[in-house]
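Letters A, B, C and D name the chains as they come in the text, with residue numbers starting at 1 for each one.
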Amino acid sequence: MPWALILGGSSGLGLASAKKLAAHGYNICIVHRDRKSRLDDLEVAFSEMIAHGVRVINFNKDALQKENRKKIIDQLPKQRVKVLIHSVAKGSLKPMSGPGTKALSKEDIDITLHAMGSSWYEWTRALIDADCFSKNARNIAFTSEGNSKAWPGYGAVSAAKATLEALMRNMAVELAPLDITTNCIQAGTTETPSFLMIPGSDTLAKMAKKRNPFKRLTRPEDVANAVYLLCSDEAKWINGTVLTVDGGESIR
Amino acid sequence: MPWALILGGSSGLGLASAKKLAAHGYNICIVHRDRKSRLDDLEVAFSEMIAHGVRVINFNKDALQKENRKKIIDQLPKQRVKVLIHSVAKGSLKPMSGPGTKALSKEDIDITLHAMGSSWYEWTRALIDADCFSKNARNIAFTSEGNSKAWPGYGAVSAAKATLEALMRNMAVELAPLDITTNCIQAGTTETPSFLMIPGSDTLAKMAKKRNPFKRLTRPEDVANAVYLLCSDEAKWINGTVLTVDGGESIR
Amino acid sequence: MPWALILGGSSGLGLASAKKLAAHGYNICIVHRDRKSRLDDLEVAFSEMIAHGVRVINFNKDALQKENRKKIIDQLPKQRVKVLIHSVAKGSLKPMSGPGTKALSKEDIDITLHAMGSSWYEWTRALIDADCFSKNARNIAFTSEGNSKAWPGYGAVSAAKATLEALMRNMAVELAPLDITTNCIQAGTTETPSFLMIPGSDTLAKMAKKRNPFKRLTRPEDVANAVYLLCSDEAKWINGTVLTVDGGESIR
Amino acid sequence: MPWALILGGSSGLGLASAKKLAAHGYNICIVHRDRKSRLDDLEVAFSEMIAHGVRVINFNKDALQKENRKKIIDQLPKQRVKVLIHSVAKGSLKPMSGPGTKALSKEDIDITLHAMGSSWYEWTRALIDADCFSKNARNIAFTSEGNSKAWPGYGAVSAAKATLEALMRNMAVELAPLDITTNCIQAGTTETPSFLMIPGSDTLAKMAKKRNPFKRLTRPEDVANAVYLLCSDEAKWINGTVLTVDGGESIR
């Protein structure tokens, strides 16, 4: 059975993807960062996946630490990781001007670019070096309309999404000879835990709902469905692109 | 069983899509324009589809004529057309300057914009007016990198692709309440009969092959696979977008 | 003195461009379509231009008619038209579904694509054939955010803007050897007479103002300034692009 | 007289911009990094600028060091910097897979993202904090087609260009209230010293020349001309955009 490794897989788009893939016969490895209080809920989710007859392992560790990465990859079988999903959301939401540490600093930008951008490449390369990827593998990360838009306070995240997509395109070209396709999914506005932490997210959600041609928000399951499609054999020629999955929200 | 109506379905991307959908249980209606000499080959293709236990009907008629459109739609069942695919390729390849009729005229542009652009909308609207679309329907057309590039002699086709995509976005918004999603697939360089008619197509093919991260051209089957994915239930939230299916060719 | 030929030059972006160019030493030829009641106002505007010491001629004729085009071009001097500006706004704003003629028809689309799209190419080619363009000439048309967005009722105009930009790119490539650069200016929301005819334009204007980083709408003078810049010698390497002139409105 | 501060102003696009602005009455402050052997040539260039009656100061210091930044800004007058130009080119050109340090590392990416991306924001913010920007100021950085393309070995630079553009958009929105416009110029292939260091740059140049509608490469002066245009009063409504200055190269 193929494995799916999901970074940031304990909530939102990552968890929904894990569930969908587990239901279709993928073993699941989730790397996440959660407080004790959430672990009971997570156990329920893991049990549901296991009920599909697949293996589920999880690491409650910071996916951005090199040592953790090494330890986790050591436990993955060789040539069996069919899917890597990057769903790490951790970024600064500071404005670009203002007094002292209230404004976005180089360090804030660096942390955000790493967490939501270049860490994807680090994991990819580490999996390649450890010979973990299977044939016809899929490398997927989540982006958002913020890649090309500018909202106050969103500068660092916007830059990270842009970085993520640039790295995606380059991995798509350079890793094709290794039989790996690389793509991003641009999800519409989804009420994930990360989204709800953005100041004014309720207003954003209301506007997005109104703007969406289907008059509802994007759900994690909508995006998980697209992940599933990209993992199918029929998707092997989709490489180096951003697949928008938002019901049409972004074109209005 | 759901129906797929394929305009320009006797060769290239259209025919490959028909085969794929037939293999997955769709009844097929093909509108095409072919000489007698090709009909025997087509019969073979149709027989292979029928062998999957589906119905296959075809009309060797000009899809761009209003009367033909009406006659064809009259023979389709109500509320059963799950998929409309626009794969009409008919355009002027004249340059933008030069003596007299050697240069692109308004008439050349009009014919191309209609054939490769607005005829898609006409068929869509006619199917709506005749109440032919099923629930959760899919409306798909093929575009190319020529949408945003400019190659000598390609002006009319480029404008038609741009028109097609603009209409796609607007249908995505306006037809969502009718439970229809609308998308384009941007195929990589594919050696279809239409492509081979472009002067210098062999050079273009050679360059595309070299440029492609997977070192091969796009095949009609690659694109048909993407059509199949867009028709799945899991794709219902993909609306108003251009899905690039080219192995990564266009990002190099 | 160089000539600027402005199609749709009696109001909005076209008139503002005419004024700016006249103030910088361009003879002006305006093609427009206005009722008698407006002609007195126009005479005032023309007088102001003439006060700069330039010639101003105008034709109150439909720029979309071939015969008119021929007559007007016959009166222009050879090799002296430095600038062609396409500012024709005439399009259908019908929805894409609904009963009978209330919904957008092929004819509606054709008229809009011609008026706001391919007529630009027709004029360009006619000026080339009549040997009117000067050295280092500029070919400029106006587009809008509607090129890539989809708003209900805006389907035909959106397609026309997409067509316009595709033709722009192809003219940029094919007419470079004739020493003509071709570009579009994407203006932000501007309260031109054409804009004010859009149903709900007051709401659109209010939203645009709020969205704009500078908290005001785009003014015709802002766009005329960009036209002027594109006409300068320093702009001769700007070719085949869309220059956005909106204060940053479209990135929010 | 207004000041222009040019980061990376001793060669290529930066130097050409300095010369153009000096010729039009700007005092020039150049931050650069050059070996002794180049300094004589630079002195000649500086003398030519001074001959226009402007002041020219230069700092042969690493623009990426915080201490240097502070020292340099301390010597700039308050409220007089009309233009900041970021022209720093320093990036890793390693491939994305391969043995050990031959492949792109997180550190390589970080250095590149900082040098060619976030350092722009750092300088901008430092100038704001030191109250150096004049009214109606201009903030400009150079990007390339590599923002959206993927070439082997170009991953880090591509990500940096994407970061640069994302930061540009966000600065455009957030700094508009401070009367600063922010834009990028996307230059065509130019034989700058940085470009010539790319392996295979001669082949790239040959292809670019062939591809360009004007059959020549972009020259530093072409780009400096666009900088000059963006600095004019007429450009004050151009904000948050990427202005392509390549003769049309990128659309073919």
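The rule is simple: contacts are C-beta pairs under 8 Å (C-beta built on N, C-alpha and C of every residue); 3 or more make two chains touch, one makes a residue touch a chain.
Worth saying up front: this structure is predicted, and the values here are computed from it rather than measured.
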Equivalent of A-B within the choices B-D, B-C or C-D, defined by over half of its residue contact pairs recurring: C-D
Contact-richer chain pair [A-C vs C-D]: C-D
Interchain centroid distance [CA atoms averaged], chain A/chain C, Å: 43
Centroid distance [mean C-alpha coordinates] between chain D and chain C, Å: 32
Touching two or more other chains - residue numbers and ranges from chain A: 148-151, 169, 172-174, 240, 248, 251-252
Touching residues (chain side chain A, partner chain B) in the complex: 169, 172-174, 176-177, 181, 188, 213-214, 218, 222-223, 225-226, 228-229, 232-241, 243-248, 250-252
Interface residues, chain B side, partner chain C - complex: 95-97, 103-104, 106, 109-110, 113-114, 117-118, 121-122, 125, 128, 147-152, 154-155, 158-159, 161-163, 165-167, 169-175, 178, 240
In the complex, chain B residues that touch chain D: 148-151, 248, 251-252
